[in-house]
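The structure follows.
Labels run A, B, C and D following the written order; every chain starts at residue 1.
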Amino acid sequence: MESTKFSLLTKEEVDRKWWEIGDFFRRNSLWMLMYCTGCCAIELPPAMTSAYDMERLGMGPMATPRQADVLLVTGYLSLKTLRRLIYTYEQMSEPKYVVGIGSCTINGGIYHDSHAVINQLDQYIPVDVYVAGCMPNTEAVMNGFVDLMRLIKSKKANGWKKYHKNNEWYKKNQIDSLGEVRVKDEFHD
Amino acid sequence: MIISILMGISVAFFGFVLQTSIAGVNRKIIGRVQKRYGPKWYQEFLDIFKLLSKRSVTHGWIFDFGVIMALGGIIATAMFMPITNDLMAFPGFDNFFIFVYLIAVGMLGMAMSASGSGNPLASIGVMRALTTMLAYEIPFMIIVLTIIKLTGHSSLSEIAMFQQTAVAGLEFSGTWFMIALPVGFAVAFLSLMGMLGKKPFETYIAPAEIASGPMVEYGGKQLGMLFIMHEITVFIEVSLFVHLFLGGAENIWIFLIKYFLVYTSVNLISNVNGRFKIDQVVVFFYKWPLLFAVMQAFVAIYLGWVI
Amino acid sequence: MASLEFLVIIALLGGVLAYLVGKLSKVVGASLTVLVSGFIFVSVAYFGLNGSLDASITYLPFVSFEATDLYLGTSFGILVTFIFFMVSFFNPYFVDKFKYPSLYSMFYLFSLAGVLGVFFTDDFLVLFFFFELVVWTSLFLIPLGKSKKAASWYYGFSAFGSFSLLFAIFVMRNTAGSFNINDGLSMVGGSDQILVFILLMVAAFAKLGAFPLHIWLPKVLGNSPDPVTSVFSGGLEKLGAFVAVMGLVKLAPVGPVIEAIDMALGQYLIAILGALTIVFGTLMAIRQDDAKKLIAYSSMSNGGYILVALTLLNDTSVSGALYHVLIHALASTAAFLAIGAVNRQTGTTKMSELGGMIHKMPVTYIVYLIAIISMAGIPPMGGFVSKWLIFQSVINEGMILIAIATFFGSIGSFLYVFRPLAALFLGQELPEFRKVIKEAPFFMLLPMIILSGLNIFTGVHPSVILQYINNVLAELGVTELGITTWTLSGNNGDLYPALIAVVFGVGVVIAFIIFIVLKKSRKVDLMDTYTAGNFVYTEELLHYSVDFYAPIERLYEKHINIMKDFYKGIAKKVQEFGSFVKYFFFTNKPEITVLWVVIVLGILLLWGDLL
Amino acid sequence: MNSMTNIKYVSSLVENRFKVIKKEIVSEYQISFEVDKDEVHRLLTLLKLEGWIQLSYLSAIDWINDNEYELVYIVMNWEKPVHVQIRTRISRENPSMDSILPIFPGCKYYEREVHEFFGVKFPGNPEYAKQLILEGWDDIPPLRKDFDPRAYSDAHFAKREYTETFVNLNNEKSKQVKREKRKERIIRVRKGGKK
């Protein structure tokens, strides 16, 4: 009796299986929310249209953060934009991924010494894939997306989990740089 | 009764699978038209199952209840739909008006849920959807009135049978209404484009303008359910059209071919169009389509001039 | 055996008693209306359905009632007394706000007595007497609300309708020799018949609020107190339908027959006016901001459906019309009561000022939802069955123009009934109402829940009621509608309402299963919505309720005052004509008087022998 | 051709009535006058009466060596296509300039912007000190020449740390001094900053 070949799966294993199936769907249907903050956004039209045709990977643009899976940050982020970006990121439904495009999201790029532009995006929200370059080639952008799919497959694209786990650290960074995330003045009533 | 209901559920499921695949194929076709490679043909399935696997947000019980009501209403509508002459769940009760009004339950559920999300863009989208509905339904209903008056039946399968075989005693029988009422067909085709929310009339979705209108607050499973609802709605509307104008179907292959042709031609036409403003939609439908519909109805009913 | 006379006397005495008690305690006086109207409803319904209502008269002078087999009157009587009974639950809660609370209770019961008399009498003079009783008592109920002017509008149009009814009665008396209703309607003929037809239709239009005599309806329904509004919409308007049945169905068709559609000219013209009523009511309802006025215009539009259906004179149409009377009474009363409940809790019915009531008043919301589903004619509620019957007959007659109007009204009703749903109940929860609002008290919810149950029942199992309506059809001389226990057969197809309800239930269950097995959602606040990344802190900014249908309103807003301007124009012309006449006949200038004297003398001299 | 007559017209109009410190014809559609601080309001009133009805722009330039700010008002005429720049210099110590709100109500937001980025006060405009663009700014106005954006950036925004070391090839003395100063300022900001 001790050599039972067919043992029942435990609950964790069942969950893991389901998660893997879900990952298959998620990586083949990545809907982007394009937060076109800077000049790198110019690389997206060729990536979407007939030259590189993003749709063949199952990717497509979406209108609101609730519907989207991937947050695309294309270029520099000023303080004002970062506030909105964090708000938008928190509105997305999980699992959610972030792709940072261009040098500005990595280390500030040519705006590294500006008083209004942040230097490093992953201090404030978790970034799954960076695409370096100022600005990156369209091939590089496409490659970044393929990388993201590979990461999802190997279960490494878990930035959104990090955001939950290290929420205090992220919040502290946000407050250090921004003062407060949700501003309130005469234009917001 | 139970068997009929199970049959109805399988019709609804068939409609979902069929329309989702054909929508995927159509995305590929449109991609090729635009000199792209296009997505996989099963891309729509991936999208829907992905949405169902995500963790969404909810804005209160009405937000969820509306979605359930929407999907439930549409599934119920699809259950009445005949597919071929004898493949249907409830023979004799596939009344045209059931489809027109039971579909409205789904629409109402969705509108309710969207308004319940508290987003003004959703309310604007609902307003536009209802206004568009007011525009396209009336020319369509006039043409359907003509058809029902000519055939003497309001049951879809009876109308389809009427078009398939020429019976000696019945006038006009044996020709598709697409040929018998050419003007009416054109009007109904325009209305179909409005019904499906295809491009000159997709004012209520308008992603760049009002952030996809009623769907602005949905994500995850609610959006997935609304996608399923949308696919089944399209199935109902296109097969309604097939039965009314293209003579229904003797067997399932003919149905598939007719269905594919209607949906693809709608899609191809819509892809070369821009988008109307909402008042332009109303004015458009109340100008020529309504006039032509009334002319066609008058000519066919009172003068008996049918090709 | 219950004597009708006894019930009328009960209503009148109950009114007086309610007045006296109301002087002592307002609420007790108003509660008395619940008891009296409840008693009257129960006895009318019980004995009416048994066919054992006693028509004998012992005390009341001049009054006479019909013998027991009057199905039409009984069905209307049961319906309207039911509406009075349901609405009376609201009286104790609203009576505080009125200036003359005890008078309110009295007039409420007096008008109930009037309604009973109108539906059960067989004598035209008695009918006219009770008709006037209803007009005069309800006239004093209206100004207890917001506007006194509404009462004068109501009086103006009602008087017009009453006088034309009186005139029609005299014309029929002339031919028939007695005031008996059935004799009069069947014996009148020739040019007299046309005259009677027109006069009766004027009376019906004025009471039903149909185009072009509709102007009083939204004013009265929008401005009178909430219970009165509900009674008007569900009960008193139906007097108009009753008179319309007399003129359109009991009276032989009027005018030459139009060959193409096989219909008399008189009926066709009424159908056109009914169609205009539908379109006009729909268009006006779309652009209202006051929820009560919106439902008022929808009542007008539904009155148009009843008229259109009555003109077609076949089995589906007349049964559809009578069923629509019932459905509309149930649905619009429920809607008005729901809005009344909101009004009591918040103090306003303006859609631009309210929002998010669903979180505090969920039961009221459900009641309103069911009511509007029925009103818009969506299955599985009753409205679908009546609209299905009406559409069947309209299509069968092949009347294209009328069909456009009915389809327009039916799709347009989606637009306007959704508006209060979105603006009052859904959307952002506005801060000024967040703390103070509670769900309405139980005795206000009770009638609303009963009405909702009936709305569903009429949609799921209409055969029971249509069976009864078939008796009415037989009495009216129309072919009976084909009904089995569960299905109805129209001119070109069958309907199985219960099946639709079951299938709808199955669909909802499937959707619910899909919903429940998937991952649970994260609850977020209503203010946490997509705002394109902006931070918004004020609820009003995210609440879209002002000018909801602005794009479509813009297309016709220049033409909305056509009828009002027309009446104003007529009034001005009459005034001008009056001053013209005054100038020539009643002048104090002697030369003009001399001129007239000379002219008259001249005429007498020259043609006097001919005159 | 016509445009040159417009330029002539406006320069004669201004020069006949006001003491112009410096005049410059930028192009055939643009002319610049520098006037005294006290004359700006009168000059703008005159130009508005003559048809320069639109205030296109208001900004400032920081001449740190002269210890002065230069305010630039640009007005536009829709009949005679000439942009007129009115320049005036104000002291850099406690900079203040009377608001032109009564003349051009649209200057409300320009003045707020100038106050936010340069610290110029505009008495007469009740809202000039309200926050407009920079949300929650806590340092000296950022477009002043003595503001060091790099130091601010270093103090506020985390820098990516690289494991490789890079050699600074251009290691001149003057730059070293600057770098030292910057470090001091960073420390100062970190101590004094509100955050």
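Here is the rule we go by: contacts are C-beta pairs under 8 Å (C-beta built on N, C-alpha and C of every residue); 3 or more make two chains touch, one makes a residue touch a chain.
Quantities reported herein were computed from a predicted structural model and do not represent experimental measurements.
J.: Through how few touching steps can chain A be joined to chain D?
T.: Steps on the shortest route: 1.
J.: Ranked by contacting C-beta pairs, which pair of chains comes out on top?
T.: B-C
J.: Tell me, please, which chain's centre (mean of its C-alpha atoms) is farthest from the centre of chain B?
T.: D
J.: Mind checking the centre-to-centre distance between chain C and chain D? Centres are C-alpha means, answer in whole Å.
T.: So the centroids are 70 Å from each other.
J.: Chain B to chain C: how many Å between their CA centres?
T.: Taking the average C-alpha coordinate of chain B and of chain C, the gap between them is 35 Å.
J.: Per the centroid of Cα atoms for each chain, what is the distance between chain A and chain C, given in Å?
T.: Inter-chain centre distance comes to 58 Å.
J.: Hey, what residues on chain B touch two or more of the other chains?
T.: 53-57, 211, 216-217, 220
J.: Which parts of chain C, given as residue numbers and ranges, touch two or more other chains?
T.: In chain C, the residues touching two or more other chains are 522, 528, 530, 541.
J.: Quick check on chain D: which residues sit in contact with 2+ other chains?
T.: none
J.: Among the chains present, which pairs are found to touch?
T.: A-B, A-C, A-D, B-C
J.: Using the touch definition up top, name the residues of chain B that touch chain C in the complex.
T.: 5, 8-9, 12, 52-60, 62, 64, 67-77, 79-80, 90, 92-93, 95-98, 101-102, 104-105, 107-108, 111-112, 115-121, 123-124, 126-128, 130-131, 133-134, 137-138, 141-142, 145, 148-149, 151-155, 158, 211, 216-217, 220-222, 224-225, 228, 277-279, 282-283, 290, 294, 297-298, 301-302
J.: Note which residues of chain B are touching chain A in the complex, please.
T.: Those in contact with chain A are residues 27, 31, 34-40, 43, 46-47, 49-50, 53-57, 207-208, 211-212, 215-220, 223.
J.: Which residues of chain C touch chain A in the complex?
T.: Chain C reaches chain A through residues 522, 528, 530, 533-538, 541.
J.: Along chain A, where are the residues that touch chain C in the complex?
T.: Residues of chain A touching chain C: 64-66, 83-85, 87-88, 91, 93, 182-184, 188-189.
J.: Where on chain C does chain B make contact in their complex?
T.: 260, 356, 358-359, 365, 369, 373, 376-379, 384, 387-388, 391-392, 394-396, 398, 400-401, 403-404, 407-408, 411-412, 414-415, 418, 421-422, 426-429, 490, 492-496, 499-500, 502-504, 506-512, 514-515, 518-524, 526-530, 532, 541-545, 548-549, 551-552, 554-555
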